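In what follows, subunit A forms one complex with subunit B and a second complex with subunit C.
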Partner chain A sequence: MSRIVRTAADIIYPFILIFGLYVVAHGHLTPGGGFQGGAVIATGGALVIVAYSYAEVREWLSKNVLMGQEVIGLVGFIGVALIAFAFGQVFFFNYLNASGSLFGIPVPYGINAGELNTGGFVPLMNFSVGCEVWGGLTLVILYMLSGLEKEGC
Partner chain B sequence: MIEQIPHILVLLGLIASAILTYYFKDLLAATLAAGLFSFLISLEFYILQAPDVAISQAAIGAGLTTAIFIIAIGATGRFEGESS
Partner chain C sequence: MKKMIVLFTSLLILSAFLGVMALTFTFGAPKMTDMDDYFLRFGQEQTGTNNQCTSVTFDFRGFDTLGESTVLFCAVIGVALIFRKMQAGEEYEDE
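Up next is the complex of A and B:
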């Protein structure tokens, strides 16, 4: 596309990335979560993919890296849920909740601004889902563009 | 009554953008009208106090599907009935 679109995409892309990561990281406090944040990040990736040609995009966004993100997200999600068996609990038991370790503070009582370090393994689930949706939705657009290149358009 | 005015404006915009999507022969303009429809319906979700759904709709509907349609228009023809 034109130089104006490319420059605008270059400037906006990091802000979209940061906003998506914010939505993922605050998934247990504010509206949004893993899927919504990952979709926002994938929208930023789609902006760059539409603004540039496939030959240029291929150097920045590798299909293997995106597929690896997908695998890491899915394996992390099911792995975090399976660790509960090591504590002698049922599947998806929230073993980190109020344990004092990572994301382990008990939720403060009453009206408060929202403590980020709460929720047990719910933030870890959000990170896994965000990673997976980021890779998957960007991969959809990238494969669509690569099929277009093969046709010679 | 006065707080209903933005809601009514959004609903009228939804109907207008849907009709525009149907009647445009330029497919790029029709895609942008569909993107406007997605944006307005995410605004409607926000007014109806579902911000979670609104974020999904804004990202998927207004962002990703518009990008996919633009790539598809680049691979085929820009106007209805034309096959390049």
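Up next is the complex of A and C:
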């Protein structure tokens, strides 16, 4: 693409990244969550892939790193849910809620201002799902692009 | 002419379907509300999330999200398998 598009992509990409991470981090307070935030970040990756050629992008966005990110996301999701067994609870029990530790401030019933340090293990789940969706969707675009490259289109 | 008939018939069927739906079910008055009331009353205290959608998808219905993540993972694995790097003796099957 032209220099204008590349410069615009360079400027916009960090903001897309920050907005996506914001949506992931505030998933338990505002509309959004892990999946939506990860999709937002993946659109940033798609923007960079469109603005630059595949040969250049291949050096920045490593397929192995993205695949590892996806695996870490899924394994982390299951692992966070499995830790509940250590507390003598059932699978997917919210053991961190109202515990006073990380993300453990109790939330009263009714309208309140919202505190980032609440939600039990829901923010951890959001982070792992966001990590997985980020890696997965970017990886799909990269793989399709590499397939096109091979055919000579 | 044939296209017009097909279009008209499908529009008729669609409008009849939507009309029956609109007349039968009233908006904002579901018949069963026990589960919704429970989520709205106790969800905030039990999960600590102000966003009730997230409390349902990640806590009460956590298995749904687990399945969804697995489906996404399998989809990416499938794409990686289709667009993989071919080995030396391996060839694309034409036609």
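In the analysis below, the second predicted complex is superposed on the first by the 149 of 153 C-alpha atoms of A that agree within 3 Å, B and C clash if a C-alpha of one lies under 4 Å from a C-alpha of the other, contacts with A are read in each partner's own complex, and residues count from 1 in each chain.
Basically, contacts are C-beta pairs under 8 Å (C-beta built on N, C-alpha and C of every residue); 3 or more make two chains touch, one makes a residue touch a chain.
Everything numeric in this text was worked out from a predicted model, so none of it was measured.
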Partner chain(s) touched by A:Ile49 [first = subunit B, second = subunit C, both, neither]: first
Which superposed partner A:Ile18 touches (first subunit B, second subunit C, both, neither): neither
Partner touching more residues of subunit A, whether subunit B or subunit C: C
Subunit B versus subunit C as contact partner of A:Tyr109, first or second or both or neither: second
Touched partner set for A:Ala98, first subunit B, second subunit C, both or neither: second
Which superposed partner A:Gln36 touches (first subunit B, second subunit C, both, neither): first
Which superposed partner A:Met144 touches (first subunit B, second subunit C, both, neither): both
Common interface positions of subunit A, toward subunit B and toward subunit C: 31, 33, 35, 140, 144
Complex interface listing, subunit C residues touching subunit A: 41-42, 44-51, 53-55, 57-59, 62-63, 65-66, 68-70, 72-73, 75-76, 79-80, 82-83
Contacting residues of subunit B [partner subunit A, same complex]: 51-52, 54-56, 59-60, 63-64, 67-68, 70-72, 74-75
Residue numbers on subunit A that touch subunit C, as the complex places them: 27-31, 33-35, 67, 70, 73-74, 77-78, 81, 92, 94, 97-98, 103-110, 112, 114, 118-120, 122, 125-126, 129, 132-133, 136, 139-140, 143-144, 146-147
Partner subunit B, residues of subunit A touching it in the complex: 23, 31-33, 35-36, 39-40, 42-43, 46-47, 49-50, 137, 140-141, 144-145, 148, 151, 153
